[in-house]
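Below you'll find the structures, each written out as structure tokens.
Two complexes follow with subunit A in common, the first pairing it with subunit B and the second with subunit C.
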Partner chain A sequence: MDKAISLKNVTHTYQANTPFAQNALDNVTLNIEKGEFTAIIGHTGSGKSTLVQHINALLKPTTGSLNVLGKVITPTTTNKNLKAFRKQVGMVFQFPEKQLFEETVIKDIMFGPKNYGATDEQARHSAEHAMKLVGLDHSLSNKSPFDLSGGQMRRVAIAGVLAMDPEILILDEPTAGLDPRGHNEIMDLAKYLNQQQHMTIILITHQMDDVVNYATNVVVMDQGQAVKIGPPDTIFTDLDWLRKMQLDLPSSAEFARKLESAGIAFDQLPLTVNQLVDRVAQLVGKKAAHE
Partner chain B sequence: MSNFIFGRYLPGHSWIHRMSPQSKLLLSFYFVIVIFFANNGYSYGLLSALIVFVILMSGVSIAYFLKGIRPLIWLIVFTVLLQVLFSSGGHVLWHFGPFSITDQSLINGGFIFIRFLLIIMISTVLTLTTTPLAIADGVQTVLKPLKKVKFPVDTLALMLSIALRFVPTLMDEMETILNAQRARGVDFGSGSLKHRVKAAVPLLVPLFTGAINHAENLSTAMEARGFSDSEHRTKYRLYKWQFRDTISWIVFLLVGGLVLVFRKY
Partner chain C sequence: MQNIIEVNKISYNYPERSLLFDNLSLNVREGEWLALIGQNGSGKSTLARLIDGLLVLKSGAITVDGLPVNDENINEIRNRIGIVFQNPEDQFVGATVEDDVAFGLENRQVPREQMHEIVEKSLKSVGMWQFRERIPANLSGGQKQRVAIAGIIALHPKIIILDEATSMLDPQGRNDILQLVRDLKEDNHLTVISITHDIDEAAGADRVVILNQGQIIDENTPDGIFAQPQRLKQIGLDAPYPAKVIEALSRRGITSDKQYMNDEELIAWIKQLVSRM
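For the complex of A and B:
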């Protein structure tokens, strides 16, 4: 597989040369392949948001370099050629509904494509396609985005990013504040984009269930460093370490641990509900066979 | 943005940091008034010496004070030039049409320059050593006598402190919106004037929406906790007049008196 993103010794210092200087990223080196679904986890202030803002070149490294889809970004990269580059990396910020400003839903979604030089017609076409993707009804097109519900506004904002047809999609806690149904719908959308449209997805999340259910690759951030990188089943093994990182276990693993303390042994902690069900069914089956 | 006045408080424990905000506020005003009484080399020299002393006492690196001048440098240059080129009196050194430079106008220009510098320095000392909330508290204390004429001092102080408290919040929000729209392909700060004005709309609309939402949420939260402006409120932080305030006032009053004396020379 091709590399979509590779960071090499990236350090980012906020407010350099002042008494407030702070290393938000500290010598981060990591690679993300094309078509991967990567979850970035870590407690608040560990550098997750700073990391993804580099991938979109909203921030430039203080030292080190990154290569995103063949474009190299170093501390001296000028802002000039970044616009075309940003089109390829869609970024959905936390509470993205805050970025809405147009009079109508469709106009707001068309804003991105038009900035990147699409004609009205092309922009409208991709906006309508994006609305369908996020599950917004066509009848909402001419409504004011400020008249919609919170969940709908969030979809409009996500559609506004998808309409630019990016190759990499970054989602920064996209489901914060949504109800369970809205949560699942957004996560399923991310899965669809990843599996059907082969989009490279980067998800910042605090919900470990989402990590094990959707991600193929996990990056754990702590104090500006990428301390562990690997598939989910290699991340959720060392419980003491997870606690030190202030990370939770996925709920299935948590449940399995309770079963363990009640005397039911697992050779390996189940991470998803399906794994848990399989394991329990096996045990029950064994028991039934004994009787 | 880093020159923004409210963001510039530098934590510290110097004599100046620990003075009560109301006396720092009043001393700054008093000092500015004294500056306008100064009219010769002696008095300007004395005031400059005092400000250097104050800066040293504040324990803040001089670089921060110099940064405070930068945004105003053109105003200073313009005013000084005006003074140098148009004031009359004294020995004419150079003239061209309506412009003339005399030895007197050069001296006046120099004084104007020092005057600007002194005013900027004293206000920079105030904002560097006092948190915005302490300044709001100071304003409230200073305005207290106006309560006698039914002026809503407490409400005004509350408004001021709420406004100050939301400055960093709104700056953060602006940063996020700026980034979000840049990710959607907006080019801020480049292109023609028309282009730039157009680029401001996607920034300002969400910013105002956010600000109004904050105001609504805050007022709901305050009402839910039984806020009413008619009640007498106590304060979490009390800034009492201290011995160090008295000493500082004595020094400043002495200098002020000397300036008045120097006027005669």
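For the complex of A and C:
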């Protein structure tokens, strides 16, 4: 597989050369393949947001370099000529509905493509396609985005990013504050974009159940460092280490631990409901075979 | 137990919208922790705003601690109710943490000396005294909610309403805030109404009321409510974890007579299944 993102010894210092200098990223080296669904986890202040802001060059490394879709970003990279690059790396910030501003839904979604030089007609076409992707009914096009529900507003904001047809989509806690239905809709959208549209997805989240249910790859951040990288089943193994990282266990792993205390053994800690139930069914089935 | 809030046959609609509440009644008992659940748009937050007199009823009546909610009583009522909103950013007025907590007291013309004492006590009770000179904007989400709660505690309310107050926090922050409110509730004999769509938050309540499209469709203990995971799903809420396991087991042909079990019951049942020869 091709690399979508490659960081080499990236350090980012906030307020460099002042007494307040603080390393938000500390010598991070990591690769993300094209088409992967990567979850970035870590407690508040561990460097997750700083990391993803480098991926679309909103922040430049203090030292080290990145290669994102062939574009090399170094400490001396300037904001000149970054426009074409940023179109390829879509960024959905936390509470993106706060950035809605146009008088109609369709105008708000068209803003991005037009900003990148699309004609009205092209932009409208992209916007309508993006609305379909996020499941917004056509009839909402001419409504004010501010008359919509919270979940719908968030989808308008995400459609505004998708209308630019990015190759990489970064989602910074995209479901925070949504009700469970809204949560599932957004997560299923991310899955669809990844599996059907082959978009590379980067998800910052605090919800470990989303990590095990959706991600193929996990980056654990702690004190500005990428301390563990790998598929979900390699991340949730060392319980003491997870506690030290202030990370929760997925619900099924948590429940399996309680079952273990009650004397039911697991060869491997289950991470999803299906994994847990498969093991239980296996144990029950085995006994049944002896009867 | 006595009712501290009585919502009696109220009707309400937002301007140019159809009726959200039509003849809704609900009592809140003094000292209870009531979870009000329902998906976005079900009317949970609107109800809180009507109780606090932030919105005006079309018909019906609400009394808070014996006082009818009306223009005359509005200040008294707001002294008795503290609301913690979803987004702490929206509720800061002070330049420093200390100023922010003092704001409500200044508004009520509390003498200066007394004010210092109350601010100190309130900030200490939420574990934020050492942050008193900080700028609220530079605090974490959980810290901001603590400061917001300190501002409420300073006014000695009888009722705290958490309006999705933990939904923007990470899991650690959420647990910390809920524990803090539980402690404050005990120490200050408060009544708590928590408006939430977080099933785990509702699980800690004494009583759960489900609001759907402006109507109360059920009220029960948390276990009683969770016993119908299908209905929770139908109205867009998450099923509690044990319900998901029970459903997945039944898809594999392992079924129980019971519709719902809590964690302990489910563990006991699985143990029994596995050990049965």
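Simple rule for what comes next: the second predicted complex is superposed on the first by the 289 of 291 C-alpha atoms of A that agree within 3 Å, B and C clash if a C-alpha of one lies under 4 Å from a C-alpha of the other, contacts with A are read in each partner's own complex, and residues count from 1 in each chain.
Criterion: a contact is a pair of C-beta atoms (placed from the backbone, for glycine too) under 8 Å apart; a residue touches a chain by one contact, two chains touch by 3 or more.
Quantities reported herein were computed from a predicted structural model and do not represent experimental measurements.
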Clash or fit (per the criteria above) of subunit B with subunit C on subunit A: clash
Touching partner for A:Ser251 - first (subunit B), second (subunit C), both, neither: second
Partner chain in contact with A:His206 - subunit B first, subunit C second, else both or neither: second
Touching partner for A:Leu58 - first (subunit B), second (subunit C), both, neither: first
Touching partner for A:Val284 - first (subunit B), second (subunit C), both, neither: second
Broader residue contact with subunit A after superposition on the shared chain, subunit B or subunit C: C
First, second, both or neither for A:Gly177, with subunit B first and subunit C second: second
Against subunit C, colliding segment of subunit B, chosen among 77-85, 149-157 or 221-229: 221-229
Touching both subunit C and subunit B, counted on subunit A across the two superposed complexes: none
Subunit A to subunit C touching residues, read off their complex: 43-45, 149-151, 176-182, 206-207, 246, 248, 251, 255, 258-259, 262-264, 273-274, 276-278, 280-281, 283-284, 287, 290-291
Residues of subunit B defined as touching subunit A within the complex: 2, 10, 173, 176-177, 179-187, 201-202, 205-206, 209-210
Touching residues on subunit A, where the partner in the complex is subunit B: 15, 19, 53, 56, 58, 83, 86-87, 89-91, 93-94, 96, 98-101, 111-112, 115-116, 146, 160-161, 164
Residues of subunit C that touch subunit A when the two form their complex: 39-41, 86, 140-141, 164, 167-168, 170-173, 197, 199, 236-238, 241, 244-245, 248-249, 252, 254, 263, 267-268, 270-271, 273-277
